[in-house]
Amino acid sequence: MIRAWLLRDGVEGHEDVPVDQLVDAIDPPKNLLWVDCVDLTDDELESLQSQLKISHLAAEDLRKGGQRTKLEHYPEHYHVAVHDCGLDADDELVTREIDIVFSDGWLLSVRQPSDSSDDPSPFGVEAVTQRFDAERMSEDHVDDEDEGLLVWAFLDVIVDGYFEVNERFDDRLDAVEEIVFSSTRGDDIPKEVFDLRRSMVHFRRAVAPLREVLAAMLRREADCLGDTAIAHLQDVYDHVLRVTDWIESQRDLLTGLLEADLAVISNRLNQVMKRMTSWGAILLGSTLIAGIYGMNFTHMPELNWTFGYPAAIGSMLLLTVGLYVWFSRRGWL
Amino acid sequence: MIRAWLLRDGVEGHEDVPVDQLVDAIDPPKNLLWVDCVDLTDDELESLQSQLKISHLAAEDLRKGGQRTKLEHYPEHYHVAVHDCGLDADDELVTREIDIVFSDGWLLSVRQPSDSSDDPSPFGVEAVTQRFDAERMSEDHVDDEDEGLLVWAFLDVIVDGYFEVNERFDDRLDAVEEIVFSSTRGDDIPKEVFDLRRSMVHFRRAVAPLREVLAAMLRREADCLGDTAIAHLQDVYDHVLRVTDWIESQRDLLTGLLEADLAVISNRLNQVMKRMTSWGAILLGSTLIAGIYGMNFTHMPELNWTFGYPAAIGSMLLLTVGLYVWFSRRGWL
Amino acid sequence: MIRAWLLRDGVEGHEDVPVDQLVDAIDPPKNLLWVDCVDLTDDELESLQSQLKISHLAAEDLRKGGQRTKLEHYPEHYHVAVHDCGLDADDELVTREIDIVFSDGWLLSVRQPSDSSDDPSPFGVEAVTQRFDAERMSEDHVDDEDEGLLVWAFLDVIVDGYFEVNERFDDRLDAVEEIVFSSTRGDDIPKEVFDLRRSMVHFRRAVAPLREVLAAMLRREADCLGDTAIAHLQDVYDHVLRVTDWIESQRDLLTGLLEADLAVISNRLNQVMKRMTSWGAILLGSTLIAGIYGMNFTHMPELNWTFGYPAAIGSMLLLTVGLYVWFSRRGWL
Amino acid sequence: MIRAWLLRDGVEGHEDVPVDQLVDAIDPPKNLLWVDCVDLTDDELESLQSQLKISHLAAEDLRKGGQRTKLEHYPEHYHVAVHDCGLDADDELVTREIDIVFSDGWLLSVRQPSDSSDDPSPFGVEAVTQRFDAERMSEDHVDDEDEGLLVWAFLDVIVDGYFEVNERFDDRLDAVEEIVFSSTRGDDIPKEVFDLRRSMVHFRRAVAPLREVLAAMLRREADCLGDTAIAHLQDVYDHVLRVTDWIESQRDLLTGLLEADLAVISNRLNQVMKRMTSWGAILLGSTLIAGIYGMNFTHMPELNWTFGYPAAIGSMLLLTVGLYVWFSRRGWL
Amino acid sequence: MIRAWLLRDGVEGHEDVPVDQLVDAIDPPKNLLWVDCVDLTDDELESLQSQLKISHLAAEDLRKGGQRTKLEHYPEHYHVAVHDCGLDADDELVTREIDIVFSDGWLLSVRQPSDSSDDPSPFGVEAVTQRFDAERMSEDHVDDEDEGLLVWAFLDVIVDGYFEVNERFDDRLDAVEEIVFSSTRGDDIPKEVFDLRRSMVHFRRAVAPLREVLAAMLRREADCLGDTAIAHLQDVYDHVLRVTDWIESQRDLLTGLLEADLAVISNRLNQVMKRMTSWGAILLGSTLIAGIYGMNFTHMPELNWTFGYPAAIGSMLLLTVGLYVWFSRRGWL
């Protein structure tokens, strides 16, 4: 599905443009044509490609999706691929690729389908529109740089979503930490830790290349962005640095948690072994006493004592209590 | 075996060229001579070397094979060594070295034998020809840059094969993960993990240097490639980045899986030890009771009770049930 | 709460300035206006923004806080975000963000609330004032560079606080080390180690980017700092390098401690298992002897010997002593 | 022992030069004087130093040996230190330092003693001479660049030896791998792995800096090498990259093997514990039955049954078989 | 304590200079004034500061000590801080900070107190004097570069000391290795390994920044050093590279040793468990036989056999021998 709007300089609001008359609406210094697509069919793509003169290599990327986060220069336009990230109901990472192709006077945003069939919150352009309009109406806005501001609005919304993912990771790290160091721990920590690790690895793969993309923009490699947009993108760049710093910390802590978990398990095994040894000694000691008085020697004076039996039981109890105290004191029980 | 074709500018299709008349066919600005060899003999190589004026150092490389992925500059030509990768029936990595020597007007491709005696799918030039012809016939094609396009066709086919290897690795990672966290796990996980790791290490060694090779081409260090080819190679470069990113993630996850596996094993050992301790205590406790009433004291009133025997058996059962419940509640059984 | 002082060149001491007449006090080559805020309200921020002409992106950062350590260039001013660090009563890391916005003639310091609700020592400007005044009154002071000196005073006080955190980490590392290698060790080492690790990870995240901030200042990217301040900041830069070196060493040692701890636990487990095996053999051996003489064969000559019983007990003792000596010699007991 | 040859341009073969008349033989544009030493005495060194005008710092290096792989520039000459590597009978790494000092018109090669007293194959100059002569007699040889070609011949022979070391490492890795995953594994794997690791660490220390040495030569920092030599050294550089890549892969696999070994050991420990628990339960169960019928109660009807004894034995057998089947099915036996 | 010498160009030997007349002795192109201090008091420092015009930031560093290894540029002079390293009687690392402040015509060396109260070999200037004099008297010495040579003499003596530390580390690594793989190993390996690791971490922290210090000098950032000194410092730089390479290798081997140790411990635990299981089965088997013939059934024909008792004992022995052989063959005993 394609929708297209014309944004006239100095005029508030968006004008709808028929999808097959895009070329007429492009008028670089004055207006911005924004074409937004979702569930793009091959026919639609072909129409866009011929109208907007998109390179056939870029068009191929738009058709297939599955691009890595990148900024590519084509003679006639730029192509930015980014990934909106979120977590689904099972806390698995969901990524939604957004391809932004732009040049002087027009911007094409293609929202690729999410990589999870059961995506709880697909990417919506409303947040982008809202942020873009707000900035466009602010006083220090320069009219002919709307392309850059729209790119910024997309990136800003997407990167804001990264912080939520980070926060959710923090919550899960806290949960795992609590279980690792609690005395009533379950046995499914390795699975928890590994799931979290996988999410982090995938998240990092989506986010990390965005640093280079933004650095290239800040070096003004894409010349149609404009000064205001660059200043705003500096802010997004800073956010991306925070996100990647945060992921690194979280990965570090996760590794630390798994190591701590192994140490905790080893400690408990030691504890179990000591307890086992202690109780084994106590029970075997008493069994030995019983065994001794079960021998069939003719001359065993104790057997005929009136209090022989209570004495034997008593010595068993004494041994049990004695060993119990001794092992307790050494911390084995 | 050598085959040679002449590709005339503006003319569709390939013309066969006799192998001993290669020199006559070289006419840089107009045509492209493509020589393709497989199972190259020393005589054939000598003939090629003298006809195409290949440096004797490069000829030595072609003869011996076993080159690392690289781009080398010689005064008269360039030499690119790449490795086509695949997996054999046992999921072991198979690499097939392809050496491409090219200069203005001619390109020599030498397909070295695969490093596995039992290669399921040797590299075929058909895919290269097909992709090259398609691009050559496209409208925005410039005739005198066919050398670069042919280099691109080779690299594009080879790098596409890398994604299949990556996907197979992902499948195997999923399989290992399922076994690690399943309750009916086998004991051969370390071997599985190590085999996978070795394949990844070898794959990485073949793929990683391709980044530098392509970066050098994009910096136009090989001056006979042409603008169209450079634009296409940018795409291949991007694919190689995706492949290497992917390998890194997979290595990371594999390490995580082995660590998780160790934690799972430790957990199970703990569980086995607790169960062992519990059953030991239950059985030894009953044995002790039996031992006590096996003592031969003259004065043991219980021995003469009518219900002494059932009482003893009962106390054993009671102890067993009591300890069983107690240990179960603590999660030891 | 906002307070503002005017520092006239060549005049000792600070003059109070009404908060709504800041603009009049700015007179770049001659004076320095220092505005210090704590618990900034939105109204106060708006007033400052309009008076000092702060960029609305920077104002947004000041309002929200939670910035990463950074130096940002705006057309009209610079923005430095740093974090004062300390440890609370539970030895958890507390960070207090300080935002410094400065330009020719004025400096605004915003002290954000601490990230711990129970901060034992909130950041006070007194130390900054004192250090700044001392340097300002020194003989080799150049009057029109007060902005840079004030920035330096802030950073110097904050970085000095980092050393205290490092020293506390060293103390805790020593404490953990003593426990790991002591014979009466507790079981809570993994928790200790992990807590320490988390503090270090967070500390590092706050401190590490300060290197780049200072390097940028030393490269004179902020042109209103002045030569004296640059020379002083070189000193702070050196301190930050020492702090980050120190953290790296501490992280390295912490990792080493956890690994050593695992090895120690494994050694002890081995020791426990050997002791268990030894005592098991001793007790089971004696039990076997008792069992043998508890058999009911008609023809067992020893049973009728006068000294049969003492002999059996004696052989048990002999076995016990013999095995005890044997196992002791092998270091199993 | 010193030997010196004069190589006249355009003349095949070497001319002997008296060791005390070296100066007369140096005639840069035309000839090359090659001085080769082994077991250099202090007197000989002094004579060489004064005749060839070797810097006293370089002379000190030649006398003491133990240099790291490096290229050093002196005003009058260059000094290259490399290490020929091999493996002795116990598969321990042997390094033999070769110092090459060269300038326009002369080259001095000093073969330092091997670092192993029992070196199976000391470095011989014959291979160098042979390779140098072959290249010198080839058609595309330029006469006045013999210095560079001789340097190349040394490095080429040495680097070729590295591949043999790498191959031997591969063989040993395969051997260790086979043992780790075989069911009849020995216990000396950690020692094997550590020995291999140590050899790799030392090998890497000798080889890795050669990359920088060659890169410096390729950047033409040593100006007397000549174009042909540079082209040949490019080939050696490529070999060194292959060697270092290979070492990295081998280190990676070795780490993987040790981790796999730990996982295998843990698996086996788990298996042993389960078997132990199973047999313990079987034996203790039967012992308990025996204990029950060893009790001395007056009223134990089974004791007087005719088939009481066979029934007891039968129940023991039943219990044994039952538990055996049950544990086998669960994979504990 | 301060001592000062004047070194006149072309004149051998040192002339004493009164400590309060340093200024008169400074005469850059001709002479070198060397001031050496140990246990510097605040008064002495103040006198030096005013006489030599030392920056108050540098003076503060000299007073407090505890600097990181660095080279700092001040308008009037340079400041180099290095650390002489050694090992005390307990093999703990001792560092002794040496601060060298120099400019055209004078050099001030401040020997800070050692960081260990019980330093076996404090840094002595004698070695420096000796090396400096030897080089100063050599023939290729240029008179007006004495400042650089003195800096070199200090660094050369200090770096030579590093090799001794490295060698001691190698000895200790060998000792630990021998214990790890010996059969009569002690249990204190983790402590040994950790102590060694800590020493290495601290050593590395002292040595590693020296690379940058020397690289800066070789880039001639300190312009009063002179060509001869630069050539000599190249040699020191090379030594520092060797030292840091060596530390890296040692750290690598140490990590390898700890991992090998864990694998060895795991192997031994496996061995102990197998032995325990074997002996448990042997003893419990015999106990079961004894238990069976201890049952009180009326009809147990074996009990009345004449050779019943010896047969029972014999079957116990048979079982013991049989199991012993069986377990031995499987390598469990």
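Chains here go by letter, A, B, C, D and E, matching the order in which they are written, and residues are numbered from 1 within each.
Heads up, the rule we're going with is that contacts are C-beta pairs under 8 Å (C-beta built on N, C-alpha and C of every residue); 3 or more make two chains touch, one makes a residue touch a chain.
All values derive from a computational prediction rather than experimental measurement.
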item	value
Those chains which touch chain D and also touch chain B	none
Where chain A and chain B overlap in contact partners, by chain label	none
Intercentroid distance (Cα basis), chain D paired with chain A, Å	41
Centroid spacing, where centroids are CA-atom means, of chain C and chain E in whole angstrom	26
Numbers and ranges of chain B residues touching at least 2 other chains	261-262, 266, 269, 273, 276, 280, 284, 287, 291, 294-296, 300
Chain contact topology (line, ring, star, complete or other)	ring
Successive chains around the closed ring, taking chain A as origin and chain C next	A, C, E, D, B
Chain E residues within the chain C interface of the complex	55-57, 67-68, 70, 72, 74, 187, 189-191, 193-194, 197-198, 201-202, 205, 209, 258, 261-262, 265-266, 268-269, 272-273, 275-276, 279-280, 283-284, 286-287, 290-291, 293-296, 300, 302-309, 312-313, 316
Residues on chain D engaged by chain B in the complex (per definition of touch)	138, 140, 177, 180-181, 231-232, 234-235, 238, 241-242, 245-246, 249, 252-253, 256-257, 259-264, 266-267, 269-271, 273-274, 276-277, 280-281, 284-285, 287-288, 291-292, 294-300
